[in-house]
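Below, chain A partners chain B and then partners chain C, in two separate complexes.
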Partner chain A sequence: MNSKSRYAWAYLMIAPTLIGTLAFWFWPAVYSIYLGFLKSENFGLVNHWVGWANYERLFKDDEFWRNLRNTMQYVVLFVPATIVLSTLFAVLLNAKIKGRSVYRVIYYLPQVTMAAAAAMVWVIIFAQDYGLLNSALGTHIAWISDKRFAMYALVIVGVWGAIGFNMLLILAGLQGIPRPLYEAAEIDGAVGFRRFRSITLPLLTPTLFFTSIVLVIGATQIFDSIYLIIGKTNVALPAVRSLVYAYYQNAFIYYDQNYGAVIVNVLLVINLILTGIQFLLQKKWVVYD
Partner chain B sequence: MGSSAIAKRRSNLVIHLILIAGAVIMVLPFVWMILTSFKTTTEATQIPIQLFPSKPSLRAYTDAIKQSSFLHYYANTLTSAFMKTLFPVIFSSMAAFAFARIRFPGRGLCFFLIISVMMVPNPVFYTPQYLMMSKLGLVNSVTALWIASLVSPFATFLLRQFFLGISKELEEAAVLDGCNPFQIFRHIMLPLVKSALVAVVIIQLQWSWNDLQWPLIINSSPEKLTLSAGLATLVSMFGTDYPVLMAGAFMAVVPMLVLFFVFQRRFIEGVAFSASKG
Partner chain C sequence: MNMRQKSAAAVAGALLVSSLALAGCGNSNDGGEAAGSPSAGGASAGGGSQKSVTISYTIWDKNQQPAMEAIAEAFTKQNPNIKVKVDVIPWGEYWTKMSAAAPAGTLPDVFWMHGGQFIKYATGQFLEPITDKVQAGEIDLNNYASNLGSIYTLDGQNYGIPKDFDTIGLAYNKELFDQAGIPYPDDTWDYAKLAEVAKKLSQPDKGIYGFGAKMDTQAGYWNDMLANGGHIISADMTKSGYDEPASIEALKARYQMILDKASPTHQQMTDTDTVEMFKSGKLAMIFDGSWDNGNLASSDIIKGKYDWAPLPKGKVARGNIINGLGNVMSAKGKHKEESWQFLKFLGSKEAAEITARMGAAIPAYKDTQDEWVKSKPDLNLQVFIDQAADATPYPSGSKSYPIWFAKESEIMSQAWGGAISIEEGAKQVAEMMNQAIADEK
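After this line comes the complex of A and B, so read on.
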């Protein structure tokens, strides 16, 4: 077959994905950057070029800095907790014990659960007067409407939902560690936690790092649980409002598309930096066999 | 029994205890969801709390179905999940094959354009996509739920990794037999990446079933909502009628739970699978 008709086949086969991606994803991303430099009136019918004015307004806005801080606080609480617990369960499941597949299925359950449905049951568990959590702890905490606790409530729900998936990723990493290494360590008398520290942890570092980066990227986009668990009328909202929640409010409740756009464009820059770090370290760490 | 065997049994017991504690926390919300859905409203808000419904009733389920547009939510979620799974699998596997197995001018650039959107957080797309839907007259329609997701850069990226791993010999024999690239794709390559296709189906299904923010932004009338966006509106409709909320939540998760229990090995392998190539 000549190369011209091979090319034709290739272009034909990539056409749906290429055209669809350019029209529905690539162009919107470019347009979002453009929107950040505009001031739109009459629902986008009239647009004025305003340069960096929207960004100037954003950086002078105390609420933006607070939202950024909230988002970072969520990341800082959620990611390490998820990594530590996922690693713990993965290491335990990597031991030769009975019922491993049953545990794996149970731990994965939250992953197949719709976030909206899970959020609703957590709201009931967190309820101040007749909630399961306060009854179990013997406390009377307003988990979701007290600004000192709302963030922790979100982190609990987030970690609960994330353990199953990340545990499986870490388990796959653990199973890639060659058995003879453990046997050699055992002869040298390294068992239990020492074995974990001297063999498992160093060899697991790349897996843990990539899992963390993916979790960080996801966590910077937290929206669902704030919308569903905290809600727009909650007095604790300012203490947990994330960048994406602020975007949603500005773009679709206050109808300020341009201000909404600059918020997510900042998020875009943050995520590009994170992806860049991931890419650089991937080159360094991943061994292609 | 030697002392090391006893030590081993003891450490296994500790492992099981920790794992069981974790498992209890994982399933507790489901148990609470189901128990609450069968209670009466007073039972659900009693102090001290009552664990089991005294007379289990289906009242909450009938209320949730009758007083909200639950059947619409189901239909819209199914439609959207179907479209967002079937088309990306077809389009992405074709594109992934071409990117992995055919050399053509502009290959690198086209591939870069497609996967570059994977680095962009989803909310960045929403306002422009909303404006686009509004130009097309699709705001508040079921079509708007799925139309942008007929293609999947992620699936294209993932499947390309699998096509790259197939040896050249099979392909060369087919070329000698006079097969065109599409025939090679359809009859030789596609069957070889079946397990990757299953992983993509599962990932797409899960994503589209659970997606919240886009349906919430683009659609507002009850008969155009998905289950996840619909559940969010149940809260404002039923307030603290917890059994109804839990009945709605349970009905929304049941289809994915059933799929998960039937295909659990596929789900769990799919994760490891995509991780190994991602």
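After this line comes the complex of A and C, so read on.
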């Protein structure tokens, strides 16, 4: 087989994924950039070119800055908590304990739970009057409608949902660490936390780097828990509204796709910057052998 | 070999199925002729060339689904080649889905239209005009009560056929009134009386409240504002009425009921809708629309224990919002002729009578309302018909309505949740509405 036909085969094999990615991810992103320069009427069938006007409006909009701050606050709270807890559970479940697979399944369960159903359960847990959380703590906090607490409620739900999958990734990373290293460390007298600190953690950094990139991008796009748990008539909504929620409101409730488009375009740029920064910083902490 | 045998069997199977289907058609035609009904014979003769089609009919109220399906069935009985599939998309997602379907050309063949959304869809030419059919006398828009025939008209073109109308009533739980020894609400009540009785009926420690002072428009404070002499929007739709002192006063009076613990808090009412609280016997009184009676009646807890009264009188008038829904058809439908036949049937007296008899909604067709009132003889449904005469039309009918209406609830929920004052909320809504009106000019 010559190399040309080998390439042809390769492209044929990746075609389903490639076409799907181009049609459902790449094209909408490009189209959003185009929409951002328009003022559309009649459900997008009539369009006028307005240049940067939508962006000018966005940067003068106090609500946009507040939504951006909310989104970043969520990222800062959610990502470290998820990484630390996922690593902790992964290390514990990597040890030889009784009923290990049962625990693995339990921690992975949130991943296979329907988001909408889980949200309903969380609403009951957080309820002010009869909620489980308040009766456990002996408090009377309006977890999801007090603007001081609503963000933490969302972070709790987010971390709960994210641990399963990230734990799995980290578990795979742990099992990729060669056994002899631990044996050598043991001979050198490194046990317990010292072993974790000097061997496990450094060798886990490539996995942690990957999870943190994916988690940051995912966290900036928080939407469904706000939609399902906070809700649109909640007095705390302005304190937790994310950029994607603002996009949804503008594009689908206020019928302003153009303003919605500039919000997600700005989010795209923010994500590129955040990912770029992480790639620059990786030299300082990621260990590749 | 094996493979070939399998595919041969499949082909044979397919042939068998299709020949059976053909035989089935033949049989049913024979049956029709054997029945000897001349009209049926004529229909099937004409139907020989007509293909059987299925059209879609999309609605947003699950409680009305049985009645709409009964109408569809009655229609198919008369037009055996046209089947109708009734789909329900809940109100919360209805217009989001429709606004995606419209530019894509995938609107349902026939669907419910709301006065607030009509102009957008009509100006975009997504709705099929029925003007020539009206002019040809296929349908008479004077058949409908209270000028409802004119709602779905734009620039001299007709697009919709009135389906029903609705007004707002005061639903009350008789049992809670009896326990407190307080006489039931009647047409002498004013807002002061409502507030006073609501306070008396409340037992917050038991989770029972007198009134659901909900943050709501059509079945909420819009009625209060009108009764108090305020406005939602000026008659020419150019200026918001939210910042008029009379409007603000009415809004404050409603909110005061929460502060007085005569009503659940905003958060409680967000967690559990007031209608659900009423249905579980936790609320003595709510405002609710005539369209919702079927929903209230479905609760076993309050069955036979609730009734309706007119809304209380305000300083200036008895406020009430009247709204009429319409049936429209898509301009891009594949089966327009069949859709028109169904649309026409939906506007017929027969369809109105099915709607009335099943208690689904107050039909728009003249002189069929009594049957709706009688559909639940133990309830005073007459209050909805009586209030229609002086009611204010739903403030839609402008291009800016869908925008300001969506933003209104977001601002008012800040006021109802206590983050800003009622006055501040009302002023912000007025400013937002005036801006939306200016933007759509």
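One rule holds in what follows: the second predicted complex is superposed on the first by the 244 of 289 C-alpha atoms of A that agree within 3 Å, B and C clash if a C-alpha of one lies under 4 Å from a C-alpha of the other, contacts with A are read in each partner's own complex, and residues count from 1 in each chain.
By our rule, a residue touches a chain if its C-beta (ideal position, glycine included) is under 8 Å from a C-beta of that chain, and two chains touch if they have at least 3 such contacts.
Every value quoted in this text rests on a predicted model; they were computed, and no experiment measured them.
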{"item": "Partner chain in contact with A:Pro238 - chain B first, chain C second, else both or neither", "value": "second"}
{"item": "Which superposed partner A:Gln221 touches (first chain B, second chain C, both, neither)", "value": "first"}
{"item": "Chain touching more of chain A, residue-wise (chain B, chain C)", "value": "B"}
{"item": "Which superposed partner A:Leu93 touches (first chain B, second chain C, both, neither)", "value": "first"}
{"item": "First (chain B), second (chain C), both or neither touched by A:Phe252", "value": "both"}
{"item": "First, second, both or neither for A:Ala142, with chain B first and chain C second", "value": "second"}
{"item": "Partner chain in contact with A:Phe24 - chain B first, chain C second, else both or neither", "value": "first"}
{"item": "First (chain B), second (chain C), both or neither touched by A:Ser212", "value": "neither"}
{"item": "First, second, both or neither for A:Gln128, with chain B first and chain C second", "value": "second"}
{"item": "Contacts on chain A seen with chain B and repeated with chain C across the two complexes", "value": "44, 123, 129, 231, 252"}
{"item": "Contacting residues of chain B [partner chain A, same complex]", "value": "12, 15-16, 18-19, 22-23, 25-30, 32-33, 36, 44-49, 91-92, 94-95, 97-99, 102, 104-105, 107, 110, 113-114, 116-117, 119-132, 147-153, 156, 175, 178, 180-182, 185, 206, 209-210, 212-213, 216-217, 227-229, 231-232, 234-235, 242, 245-246, 248-250, 252-253, 256-257, 259-261, 264, 267-268, 271-272, 275-276"}
{"item": "Partner chain C, residues of chain A touching it in the complex", "value": "42-45, 123, 127-129, 142, 145, 147, 231-238, 249, 252-256"}
{"item": "In the complex with chain A, residue positions of chain C that touch it", "value": "96, 99, 102-103, 120, 123-124, 126, 215, 266-268, 270-271, 402-403, 406-407, 409-410, 413-414, 416-419"}
{"item": "Complex contacts: residues of chain A adjacent to chain B", "value": "1, 5-7, 9-14, 16-18, 20-22, 24-29, 31-32, 35, 44, 85, 88-89, 92-93, 95, 97, 99, 103-118, 120-125, 129-132, 135, 160, 163-165, 168-169, 171-172, 217, 220-221, 223-224, 227-228, 231, 244, 247-248, 251-252, 257, 260-261, 264-265, 267-268, 271-272, 275"}
